[in-house]
Amino acid sequence: MITPRSWLPTPLLSILLLIVWLLLVRSLSLGHILLGATLGVAIPLLTRRFWDDQPMVRKPWLLLRFMFRVLIDIIIANLLVSWIIINPWRRSRPAFIEYPLTLEHSFPITLLANTISLTPGTVSANLRMDGRTLLIHALDVDDEKALVEEIRERYEQPLKEIYEC
Amino acid sequence: MTLLWIPLLTLLGVLVPALTARRGRGFCTLATVTLPAMALLLTLSQVPALLDGELPRVALSWIPSLGLDLAFRMDGLSLMFATLILGIGLLIILYAHFYLSAGEPYGRFYAYLVLFMLSMLGIVMADNLLLLWIFWELTSLSSFLLIGYWSHWTDARKGARMAMTVTGAGGLALLAGFLLLGDMVGSFDLGVVLSSADVILADPRYPVMLVLVLLGAFTKSAQFPFHFWLPHAMAAPTPVSAYLHSATMVKAGIFLMARLHPALGDSELWGWLVTLTGMTTFLYGAWFALLKTDLKAILAFSTVSHLGLVTALLGIGSPMAILAALFHILNHATFKGALFMSAGIIDHETGARELGKLGGLRRAMPITALLTTITAASMAGVPLLNGFLSKEMFFTETLDTALLGGLGWLLPVLATLGGILSVAYSLRLVHGVFFKPAKEVPPKSPHEPPRLMRAPVELLATLCVAVGLFPAALATGILDLATRAVLREPLDFHLAIWHGVNLPLVMSLAALAAGITAYGLHSNIRHFARQFAPIDARLVFEGTIQSLVARTQTLTHRLENGSLQRYMSLLLGTALLLATLGLVELPELAGDKPTQPLDAMLVLGSALMIFAALGTAITHRYRLISLLMLSVVGLVVSLTFARFSAPDLALTQLSVEVVTMILLMLALFFLPQKTPQESSASRIIRDLVLAGTLGMVVASLNYAVLTREIDSIAGFFIANSVPGGGGHNVVNVILVDFRGFDTLGEITVLALAGLAIFKLLNRLRLFMPHSDGEGRVWSPDRYPMILTTVSQALLPLALLVAAFIFLRGHNMPGGGFIAGLVTAVALILVYMARGVEWTQNRLDFPYQPVAIGGVAVATLTGLGSWLFGRPFLTSAFGHFHIPLVGDIELATAMLFDLGVYLAVVGATLMILANLGKLTTPHRPTKEAPAVSRKETPAPPSEEAPLILDTEKSQRPSKEKA
Amino acid sequence: MLDTALWISLALILMALALNVYRLIVGPDMPDRLLALDTMYVNSIALIVLLGLWLNTKTYFEAALLIAMLGFISTVAVCKYLLRGDIIE
Amino acid sequence: MMQHLVILPIVLPLVAGVVLLRSRQGNTHHKRVIGVSATVALLAVAIALVIKASSGEVTYYAVGDWQPPFGIVMVLDRLSALMILLTAILALGCVVFACAGDDEQGSNFHGLFQLQLMGINGAFLTGDLFNLFVFFEVLLLASYALLMHGGGKARIQAGVHYVVLNLAGSSLFLIAVGVLYGATGTLNMADMAVRLSELNPERAGLVSAGALLLLVVFGLKAAILPLYFWMPRAYAAAPAPVAALFAIMTKVGIYAILRVYHLVFGDHAGPLAALEQPWVWWLSLATLVVAAIGVLAARDLRLLVAYLVLVSVGTLLAGIGIHTPQAISALLFYLVHTTLVTGGLFLLAELIGLQRGKANTRLVKGRPLQNGGLLASLFFLSAVAVAGLPPLSGAIGKALLLDATPADHQPWLWPILLGAGLCSLVALSRAGSTLFWRSHEGEPNRAPLTRRQLFGVSWLLGASPLLVILAGPVSDYTQATAEQLASPDPHIQALLPEAVAGGDT
Amino acid sequence: MTYYVILEGVIAFFLVAGGAFTFIGSLGMAHFRDFYMRLHGPTKATTMGIGSTLVASMLYFGVIESQPVVQEMLITLFLFITAPVSAHLLAKTGLHLQLRHADKTRGKPVELRKEEIGEKPVPHPDKGHG
Amino acid sequence: MESLYAITTGILTACGLFLTLRGRTFPVVVGLTLLSYAVNLFLFSMGGLTTNGAVIIDGPSNYADPLPQALVLTAIVIGFAMTAFVVILAMRARGDLGNDHVDGGKFEEFREDRR
């Protein structure tokens, strides 16, 4: 039996694709909506096999809030880093920091790692193969422990909540 | 038409022995002689016509543009030679029937013999110079086969090759001579040539032409210094020697001189060249005949000598000399044919042909002894035999000629000297074999040969005596016809035994007497001759050829030293030279088109590109760095395309650049990471100069074109893109419509690349380095988790972009090609992030059908237009109104573009994924065993999933992962 | 005003590109060069956007889109190469 | 279908190739049937084309219905028809030979073979310079793939040189096409001819640079002296049916020189007319010399044949260098002969090699051959033909060419050409005597000949006596072809009725 | 009118900011002491710079020319997905190659400790060098 | 501008050619790729250099010559196919012949002066 699940495995992605399509073709004609819908169904069907099972997003609103926070942090981080770069008198205090992960699934971990890379003076340098530890390189840090705590509180906790895992 | 049957019957005769060889030798021999016998009868049937003064002739047009006709004539000269060829040929076949031993492939032998007969007939009957030449070369070929008949014998092989090389070379000279001759008179028709002596003699090219023609004649007739092949040709079975080297082939040169005498002969040059060559050969041959101990060698050198005699006569060229020459040809054919056959009989019955091993055979073989004595006496010029008559005519002519002027006395003296030698070697031959007591017991107990084997000898010996006694009755007729053909007018002559006591008679008698004395002093002469180191012509010849071959090998290796660098520099050097030649013709490099101003973006872009290009070259020994530099060039090139209004190009260049980069890196894994420093400074300077100048030339060409207005056909495309092609993106419309055929070829190339690469990857044995260039083991993390996750997020997005780029291509930058590459690259990202196995399980379509399917779709789109009666690849497009959906445009070009898309995806994945698979158990092995027949590298095991150096390079991570 | 801003921005980006080339050439290690290349890809996105603004056309923006995507993929490929040697395994 | 006849030599192999390549696996028998039938069909088409072309009319096929000079056209004249027919005849022999088992030595043989034919035919038919480039690439890549068929070190090593040099050649081709387009503004060769006749003399240098660069490219394909180095080893290493097919590949270069410099740089091109001639002439002589040396030096039958191909290249180019209709006619006759005979020789060499076992085609003493008599006769026949000895076609071709040599060229060409013939004769007699006469000890190697192999060989070699018998009509055709080439105006008129090319010459 | 002036000003601001950030990113890449520090510049400042430029473009085309702005959004999306991943992989590569870091860097991760690698470096099994 | 463009093309060509003259397969392949970039730039410019003239028909405009663009597109694709082939061939040669010299290492010592 054909269930919606079998032909529309990821409704969110499908909708996203449709929207992107309409934006791309700059048109709202029925033809394009049909075409976009077709692509929205076809592409996930084609690529579904390339997806690992991921935890569902339980709290989309939280996700939005998280994204907004990250955006703000990115801007701040950028200003900070820029300042470090252009200020010749500023002596940076780089450090390698091991961050023990509490997240479990690959998608949230990736989100976290990318967030870390984009925000305050840190780059996630290596996710160890056991998936439990993230090595972070920080450009300018006083207190490693505090940084770890900040990341956990600011990013990892929300992600955990979003995905409830 | 009867005339045509003479060669035609002989031609058919070539096939007969091959077809009848299975039915027994007797049958085969009989069958073989049938057709040549008929040809002989046909030849003789021409006599009445000839006597009536007619010239029987037949001509069929063959290659008009070359002036080559299938034309035959039968004049007296042809008649005489044709009779000789066919008559003696028949005797030889009969003789060979007994001569060849039981196990030998006689069918083949007969076939070769008849083939040779045919080619000789062709020479003497040809009425077209080129036709004559064709048969001329055919005699070389068939004699090659005959001489090499006992091919397991080294002497036979080498003798055959030597004969063919020398006579073949002469044949080539002859061709050149004939072509010149034909050019002079404007025709290759023999009749025309023979009647154009005045034109020919007046032509400034006459000397060259004459030398070329004579080269042909002299090589064939074994004239000094080209005589050396003939004694070595004696490695042939005796029937062959008897036929080719006494009666026929060696006479071809003589025939040619006689044939062309009317056209070429009336000049001093001819006289000097031919007479002196002939006299030299006459003496040289006779001298060596006296020194040799092998029966056939003696006969061979005596043949050389007699050919020289005839040549000398032709050189003298007076009517009587011609007559004498022709007469001696006849006589020589009879006595020498008989002598060769006798020698064969002796060899056959005793197993020996060395004078030292033979002796006293007159008791065991009295009849053979008698026959040999008669024919040898004829050869020596003993009165009452035919040899005496023509030799005396020769002496007469040497006395009468005005050639050599004040040194005219030299000719008769030399002639007499030759006569003395002839007598001596003839005597030695007969005495040594039959009368002198034997020193050794011959290998076989000697006895008379079978009756029929001796029959040909008996016939010929009888002829010697008969003609000797009744020359007027027996020889006048044919000689009359033959001389008429050569002299082009009847000659009044009378052949008689007795002319009274005159100087020639004295010369003859003196020669006889002195000859006998010389034989008496024979051991002294041989002792004298031993002081001179013997020159073995075969060794010299083989040595020459071998050193020539060795030298050519050195030369070839020096030129083609297997170095691509040299070949490439030659290619570039040639290009540089030729392009420069064009450039220097430009009056001014800059044209009249105004140039555009510079801006910062351009300057920096150019600087970037130049830096990166130089960087690529400079760092080329550090391959990865070089690759990164190359990537920068690629990026800037695509930015340049964008800058100068080519968005499609920018997109294409970008995607191709990335794919190329991935490809190069995939390959680099299996290649050394660094290039050793091996170019010398001078080499680098040479390369820099070469590349630099060619770069300058390219830059100049570029500048020259850029500064000139172009009046191109582009306007048509811009004007017709929308109305004719239904698309706003002209570049895309050109690609899929105006010049869709190019694109079809292009995707075929791409698909072919995929197929070719698949072939290359089959059973490829590679090192899989388990550490990088610095010796670091690889990171154990095969599929970094973050990359994996992101790759799956990017895939749908990339596919969407691909779909977008594809669909808008006809009107906006994009199209099937770029969309295909984007799709392929996105999939390659998945391959990189998740590995072959994982991806392969999910991407289970086979690439080759997709790639080929793309080509198929494009082709079918093209073929579709045939249904509408339009040419291949004619496009159609239309706007369709669909309710609710609205207006949509559909074009066949989109279908074509879909083909492009599929071909690109398929081919790219075929290339990259198959390459990636090399190091996994999925490596392509479907190809049939690629073990070439030439070299058979033992594959480790048919089932082994990996052909790698497994023990060493298995990396630790394999197990972990 | 826009023009001025455009040219200032362009000048800055060109300088950025020059710095990238500097890093590309001096290295000292492969990752440094790769970083330079990756940055160069990203910077050329800005260049194309500026070109679009200058010429007042979006014709070339797909190129920018592709650079964003393909530049990443080529960086991944080189990283994978340096890490594992075999980029598709 | 008749109106599409002109494009069939391209479409037919393309479709066959696509059908054959649709998957790698599949029934060998089916593939063979398809491959051979497609080639037979191609032969039929080629015959029809020759009949059509022999009327003397130049016809064209506008692909995509875009008329010249804008669209790509396939042009049928006597020359292209002849070349297509020659290709088809050669291909049939090769493909049947391959069906004896060579096709199973690797993947996709028949499909690649068809695409190779497509490329070759396309190059012969196209009237567009850039399209010529595309077809060159198609035939090159197909040839790369076919060269590698079956693998083996020798092929790989020869392949590297072949591929790299040809890639550099392709770059030069693009530069040349670019310059010519930049200077004349068109790609259609007939149109380019028209535009050259009214070219601003100031630009002549530009055009001549482009034209001479093009000559380098064609010379590379044709294997002329300083550029031939890729050829002998690649041909010697290629699998037999492929090497035999390659016999036509150097002729593609010859054809391109003939076509481009007669059509585009004909008399109407003024000072640019026949600008290739001196180069081709002197280089052809040098090529002949080097080739003759190579023939003598070769220690392997395949290599020997490869150098014989080189000899033929020199001979053909000499004909172009002479540049008279007579010489062109002679070279066309010789071209037909040499292509088929050298093709046959490559196949024959394979048979000989197979029967000799370990000694293969190396010219050393080996075992006797199981079918020694038959192979020896075939070898003798082909040696006579290829060395240019009567009574086979080589002699006729050579005589035609020598006869067509004007007096001032004779002192150069005659000795060299005849000398090269002599060298071939010496080398071939040495080779034959070693292979068949000296090898008489030991047991013959069990490698029976198959009917397909014999058909392939005799099909190609049989052409030689046939050419002799039909020398009259064939040379009439080549004569007419040469005359058609010499006066390109009707050709131009047929493609561009409004053009007045050469009107002022 | 004012609206346009303000808009132009905003666009100009974003343009200049974009250029500036881009430059700073590359500057950081050029002048930091070690690879790990150099990594920060492009990851953040450059991404930001391109983002600003794209915002400028969106404002220009979207508001002034009223053309759709989806390409810019897509580009931004791609960038924000890929930039951190690139940085991550680059860092990982640097660690794998054990690139040396500035002395003042605190923390000594296992990745950079030689003894943790375990095996001795093995020579490249390369016969390719002459 | 034209001169700068031409000089750039020339230098690219020269660098590419220099690399094709090297003795190892990989630099040769890189050189051929570089050469094809140069040639594409060259061919592209044969219709002239046009700013802001992308040939997307939307009314009268100063269009660039689209034909060289189409030719370059074809050339790029063909060049890619060829490069792909030659890269793999280089690998194959290395695997089969044991080294990556363009001549297959026929020479024991790679003395270039002699070649």
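Order of writing sets the labels: A, B, C, D, E and F. Residues in every chain begin at 1.
We take it that a contact is a pair of C-beta atoms (placed from the backbone, for glycine too) under 8 Å apart; a residue touches a chain by one contact, two chains touch by 3 or more.
On a predicted model such as this, the values are computed, not experimentally measured, just so you know.
Peer 1: From chain D, which chain is the farthest off, judged by mean CA positions?
Peer 2: In terms of C-alpha centroids, the chain at the greatest distance from chain D is A.
Peer 1: Quick check: more C-beta contact pairs in B-C or B-D?
Peer 2: Between B-C and B-D, the larger count of C-beta pairs in contact belongs to B-D.
Peer 1: Taking the mean of the C-alpha atoms as each chain's centre, how many Å separate chain A from chain B?
Peer 2: 73
Peer 1: Hey, how far is the Cα centre of chain E from the one of chain F, in Å?
Peer 2: 30
Peer 1: In angstrom, rounded to a whole number, how far apart do the mean CA points of chain A and chain C lie?
Peer 2: So the centre of chain A lies 23 Å away from the centre of chain C.
Peer 1: Measuring from the mean C-alpha position of chain B to the mean C-alpha position of chain F, what distance in angstrom results?
Peer 2: 38
Peer 1: Quick check on chain C: which residues sit in contact with 2+ other chains?
Peer 2: In chain C, residues 10-11, 17, 30, 34, 59-60, 62, 65, 69, 71, 76, 80, 82-83 touch at least two other chains, as defined above.
Peer 1: Would you please write down the residue numbers of chain A that are in contact with two or more other chains?
Peer 2: Correct list: 20, 24, 113-114, 124, 127.
Peer 1: Give the residues of chain F that touch two or more other chains, as numbers and ranges in rising order.
Peer 2: Answer for chain F, listing residues that touch two or more other chains: 20, 25, 28, 40, 42, 46-47, 51-52, 54, 56, 67, 71, 74, 78-79, 81-82, 85, 89-90, 92, 94, 96, 100, 102-103, 106, 110.
Peer 1: Would you tell me which residues of chain F are touching chain D in their complex?
Peer 2: Against chain D, the touching part of chain F is residues 20, 25, 28, 32, 35-36, 39-40, 42-43, 46-47, 67-68, 71, 74-75, 78-79, 81-82, 85-86, 89-90, 92-93, 96-97, 102-104, 106.
Peer 1: Going by the contact rule set out above, which residues of chain B touch chain F in the complex?
Peer 2: Going by the criterion above, the answer is residues 561-566, 568-569, 572, 595-598, 602-603, 606, 609-610, 613-614, 616-617, 620-621, 623, 626-627, 630, 633-634, 637, 640-641, 643-649, 652-653, 656, 659-660, 663-664, 667-668, 670-672, 675-676, 678-680, 682-683, 687-688, 690-692, 694-703, 705-707, 710, 712-714, 717-718, 721-722, 728-731, 734-735, 738-739, 742-743, 746-747, 749-750, 752-753, 756-757, 760-761, 764-767, 811-813, 817, 907, 911, 915.
Peer 1: Which residues, counting only chain C, touch chain E once they are in their complex?
Peer 2: Of all residues in chain C, those touching chain E are 1-2, 4-6, 8-13, 15-17, 19-20, 22-23, 29-32, 34-36, 38-39, 42-43, 45-46, 49-50, 52-53, 56, 58, 61-62, 64-65, 68-69, 71-72, 75-76, 79-80, 82-83.
Peer 1: Residues of chain E touching chain C in their complex?
Peer 2: It comes out as residues 8-9, 11-13, 15-16, 18-20, 22-23, 25-27, 29-30, 35, 38-39, 41-42, 46-47, 49-50, 53-54, 56-57, 60-61, 65, 67, 71-72, 74-75, 78-79, 82-83, 85-86, 89-90, 92-94, 96-97, 99.
Peer 1: Can you check the complex and tell me which residues of chain B touch chain A?
Peer 2: Counting only chain B, the residues touching chain A are 780-781, 784-786, 788-790, 792, 795-797, 799-801, 803-804, 807-808, 830, 834, 839, 842-843, 882, 884-886, 888.
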